[in-house]
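Some structures to go through are shown next.
One chain, chain A, links the two complexes that follow: it is found with chain B in the first and with chain C in the second.
For the complex of A and B:
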């Protein structure tokens, strides 16, 4: 590790992958005086934090469409606002779409809607407050290198102590509750607290979005907490839509790194990491060209990094087995619709069309939607998180037209992902809430996990690179022995959603790795 | 003949298998003294341990080693796979040669030791004490190899002692005297293939004989017929235990805990800590545990494997070892009175830096005379080299009898 007061040109860094974490990492390292080159296999930068035009004049976020955990320190440090990052809408309420227009609106700790009892409203206020508090424990180590267990090292013991103290500080009652629910399923937790089926369904979606979990799967409380850990404009648990879609985050980052002198080479697919005597010495492109470096940083998913870029022959057999067993099969699909007008949802005012709309009418529905994917089929009745970003951002569609962007679950990874058959079922589900929508569709696109894998190169097409779960989190992400960003090969570092603190556009892995390498965290 | 026929749906009802030599071994086993070895029963002793021991040292001995775990590794990546698996350079083990080796887990801790038989170009047989299929399959991720557990498909006899070469010549194995240590040769015996390797676990002149199970009894009969006037005897595991301690050979589960079986941290040993640093080739391409072993080499090992020469004649089984200031220094893992070296010997695991040749230590030995327990603090010396190392072990051709 280099020391803090270094002169420019502290070392040469090659970053594999120009996803948002790679860009963040590059920016911090360039600021610290490193010479940084980013190698991107595709011709576009930004990785999955991208926007694309899927029909002439219609643009959407390619994967995630809501920003909820982009590190505010990163925004500030890299001055992303001056590089063009701005929110088209922030602090969006959620509307749980109900049958016959009987919707619920959820905003902060308040619920509005005819069918919600006073008890449920009160219970929700307590639930929301508690979940936000618990989420802060989960996110408390987001900007730290995960501590190792039983290493005997002082820094690790301090990290573990800090984690333990943050739990203990909840007080006896809440600590007990945190420890009880953090690893269990959100189905039970919601059933204990609420009566309203629609409310429970909508809340359960937060625990299963982007994962291979149903509401009855353990870990679904944890994933809900992970989602609530971030904040937008200083408000925890808020969600926002960047102007220009998620690609705008990457565009701002690209401007930031270019201003710092980072070079980005696109169409530069890395074949393997160059390793000499157990030390990474550079990255070799598939064309055979070697890009030498003192530090190599891989932003690829764990399986790609370990099994392709390093290769089993440079690794211990036990490590290869662990990485081979990382769960990283994605289940989230993405529906994009080009619409010739604002769709009319039954019972929804036009002003509410820009909210976060969810299709998760009850817990059983969500669980049944999950059942299919266990057996390699797509859901007969899918769940959805829908946004119509063009309501807030006219640049996304021609005048008077709109784009609809929906995360749709569950779609299997691998054989069985027949997107055509799935799209018909998704449209049928959508039409149940917006009866005329099919007639408004000008163009459509349904992207499945296999599409994401093809497009972004992450094995399994998982949004978080690797499943978010307690056994793949913190000092276990992606696997024990490689969870402190340093790969088993000297000079090689992991940096992406597959490492701590996981997926979602946050930039935290990038920042943590940069600080590790430049020694700024000392 | 398959020893275990998995297509027989009732195979699980068999608690332990008889080896293909069992019929003959049982006829010799006057004591009916059998023990369990993996999936099989084999003889602990046939007559008495001393008689069997001296057969091995002064004539020739036959030990049924069929239960030893055997895996066949082949395929385009076989050599690369083997090199990634074990600590030594496998490329130097030419076809028709055998090499002793260890293999480690990620932390550089020994999973097991064993021998690699390079049967033919790119085809290896790995012989070990413990079953390894799980670890081999784990190690095979990313390699194009075929791995087969052939433990039950190959019958084996360890034929050890000074008259063995003479007996094999009498048996008609032409040119056997030219087989060098760690060499493999194939012979035709009554129309079936007999594979002979000049290997063993006794530290003496000796061979291991390998056949398909259906020819096991023929091999046994031919061997005993040829060896009748050369003092041939079957021996059991009790005699072998003394023989291998004299030869300084370690045993998995006794002298070290196989790393994949360990539950508690710190109980396992690295190759350096078992005196097997000479098997670790850090200059070859990456192998499992290499990073950890490089680190250990830089930072030093926790333990030292030592051979002890202990005063007196009371075997130091499971003894605690102390230094001269009566501070704990380690424990004995294997002990025996060596009838050939005429010394009281032991293998021990000592805490570093104890264990340098010439170190003077104390062994706390508990012993019993007519149900009365006594204790002696026997002075002992760390010795270099093994207790039994006759020149004939290395000589080609070996001396005739």
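For the complex of A and C:
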């Protein structure tokens, strides 16, 4: 860092929460000459981008286990590779598991496996190409401050114009298709194109993972596009496993920020933001200690930030109402298994156990799995995204042993969440595809949305802090009037997955906020 | 109407296929502009889904659509429907019966309504003020676009650019907050939307019903908030959001439109189903009827839904293959059924003791969002709802002309009923008469739970599933809106992107049914808008009113 890089408004910053967005934000601000303190309530850093040891010698990613949209500019700017971030496997193929060992492999725009017709293969190539193109419209906005609508400001109008132009540039035919499908459900879009049930089931999972949506719910195309917008090593739509699990991302970020002189205080839970005359002046810990600052940045979920850290008294009624109505019902659970050997999936070769394995045998199955959670029950027959990261990364388990990490849907948030019966049902579903797996289990853990809320403090246990939906996106994320990262209190900024452009370990919210504050690198 | 003038076989300027309310409105506006127009209708009667029929001696049934609100007042005035005999009588209020023997009433008088709401929840009574104001703001905004042709956002033609800019300006005027609400309105589920206002399950259920009527969506499906708006934006006599009965049944609307049309020299041929739209040299030249006759004209306007128009009465070789695929993908899933019942007297609803007036409005028997959603789960599984949502009305309490003195007609609209059934795990099975009767029995049972003497009063019941709606009215899969009202099928996307301005893909071919913007609900707006576009193409003076702001 040199003085030429120092922003003219550089001052003291307090960041609430050492999640990956907070860390990214801290790094950029420190680079711009700000004095940054991060306050983390827990004793570990990294927030939900974490790994943990759930049984002696067995480690897994605590929440999301695949990296698919970590901003490549962040990796480069913060030199995360030299701070130890490395992929154990990048560009994993997907294997869709069907009954009696039937399965399909989906990699890029190619499908291999029995029973897939030539029409489906060709249709998939066209579908994938189109979805990637449409996804770029949405991801093209990731590194921008969302424009305000109807503000009359020049910069906002330019932002909106740019969005309109990116859609127009698709050409007449694709623009029409984009405007037709962007708001609807993936069930219909897949039904229009494909015959193979297993293929449709597996593809539908991309539209519903981490959401409170079934394949028939409108908006599920949008979530699929959001997922496809990211890239790994320059390849759009790829998924990767970081060496050491998702916690490795946070570890590299911590090294990066510490090298830049940022201080991280753990076990420092913030009670509220200090506000004087409509301006944030610091953060007060639950212990009563005040940490003064010129800028306060909250990486907590929107409800926690507005209703707890700021407090309704500092806000107008309309804002309180809007924030109270943010939807953040978490539905994703996580199954972790310590296994004394590599599980055998019927019909798969051993090497394929390292792929992204998907249990979503057909569209109706996925939709029925969703039905339960509407009524606060867990799925009788859940859908799953399974990885066995120890295939690629021996450090995660003792020698010769393995860990299985699976995102399991749907698990309700709330009273029905901790049902012991759920784990039995999940194991039963798993055993249908890997019959001997129960005998291999040394230890297991099933985390539900309530566990995530307890552990990470995100209300509702939602991985994206707030549901990713058209009405909670861009200039409406988390709510209209606070979607440009600036809270309605001077000097207070929002960061984290509840802001644009949403969750999925991207670091973009952190980067955008830092750029907004420092005013540099526009 | 049956002895229409069928004197000549030529010399027409336009043929309209189908004498539904949109076909009639379209033809009437064209005739007013001086065109010689003939309507060909497959049934021996006119009206399509806005029809009155005597299916039991002495009783007039509104056996498809059953209430009137969305019919645009501009059209009512321009076609002088009052002069031709149409009277819309407003009715008010509704009642939702709860399973514990209680009821929640909604009244015309807002203060009474609020007091009733406070009986369930004080907080909700307060929230209802905000709720109605917010809904009304959205209604006022959308109504100005109903009688406008939706611009094509991909086009650079002067009309489209001008209209896009107009749209943009109107959006802009709303301001950030309202605009945010507008986006949310078009994408949210009605359940989530109501959760933002209300806490009591009965109140939420009472409001949620109109978010699912006619749609293959559940109350928890994103997109249903718009469906609710679609049912709230109508008016009777300038009173927005209110509903009325057409005196003499919904056929009175068709009859008045036909009166206007014929007064302007129009001709209606009934029993004249179309076999094929004739295309020669890339232009339509007329239609071939099922009876072997041909009628010729340089313009053909189809009031049929988009699937029937292009997949049934047109030859695929006259159309582009990609266009045909898009038509096949058009979502027109049926989700509704109907019972039309002749009653020997008024049924009793014991829960209403002391307040029998409540039966003059809509009656509902579902008291929680969860029950509504489970009714939809049945539809997804290929079965009619075992615990159905019904919208029940007794129009004869308001319009005694529809039944003999002391007797009554009951209209029971039912969600959800699938177009095909799943039987023993086999998807896509056709309805049989036994299935239909079993469905009817489910509905009668549902009502009987709240009205013990109801079953004994039934003199005759007509049970209609999507099969009957398709066979008789010609609505594909029995979809009452001629296509779902989801984001991919609204405005410039309706029915198919690039064809949302009432012009078909063949020269001289136009579309005027509810498959087009702004959709169904006996609005007559698609028919009127199509007439405006036709007159524009013919460079004739416009006879069709544009939407205006009347408040």
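Assume the second predicted complex is superposed on the first by the 510 of 522 C-alpha atoms of A that agree within 3 Å, B and C clash if a C-alpha of one lies under 4 Å from a C-alpha of the other, contacts with A are read in each partner's own complex, and residues count from 1 in each chain.
The rule is short, and it goes like this: a contact is a pair of C-beta atoms (placed from the backbone, for glycine too) under 8 Å apart; a residue touches a chain by one contact, two chains touch by 3 or more.
The structure displayed is predicted, hence computed values, not measured ones.
J.: First (chain B), second (chain C), both or neither: which does A:117 touch?
T.: Touch status of A:117: no partner.
J.: For A:307, using the defined touch cut-off, is the partner it touches chain B, chain C, both, or neither? Pick first, second, both or neither.
T.: The answer is first: A:307 touches chain B but not chain C.
J.: Per the contact definition in the header, classify A:395: touching chain B only (first), chain C only (second), both, or neither.
T.: neither
J.: Quick one: classify A:488 as touching chain B (first), chain C (second), both or neither.
T.: The first partner, chain B, only.
J.: Where does A:82 make contact in the superposed view: on chain B (first), on chain C (second), on both, or on neither?
T.: A:82 contacts neither chain B nor chain C.
J.: Does the superposition put A:320 against chain B (first), chain C (second), both, or neither?
T.: Once the two structures are laid over each other on A, A:320 reaches chain B alone.
J.: When both complexes are superposed, which of chain B and chain C contacts more residues belonging to chain A?
T.: C
J.: So, does A:278 touch the first partner chain B, the second partner chain C, both, or neither?
T.: first
J.: What residues on chain A does chain C touch that chain B touches too?
T.: Comparing the two interfaces on chain A, one with chain B and one with chain C, the shared residues are 150, 318, 321, 481.
J.: In the complex formed with chain B, which residues of chain A make contact?
T.: 150, 278, 307, 311-321, 324, 481, 488
J.: What does chain C use to touch chain A in their complex?
T.: The contact residues of chain C facing chain A are 153-154, 171-172, 174-177, 179-180, 183-184, 186-188, 192, 195-196, 217, 220-223, 329, 331, 370, 373-374, 377, 380, 486-488, 492-493, 497-498.
J.: If we count contacts the way the header does, which residues on chain A are in touch with chain C in the complex?
T.: Interface residues on chain A, with respect to chain C: 148-151, 168, 172, 175-177, 179-181, 183-184, 188, 192, 213, 216-219, 318, 321, 325, 327, 364, 367, 371, 374-375, 469-471, 475-476, 479-481.
J.: Which positions of chain B touch chain A when the two form their complex?
T.: Interface residues on the chain B side: 80, 84-85, 105-106, 135, 138-139, 141-143, 265, 285-286, 288-291, 294.
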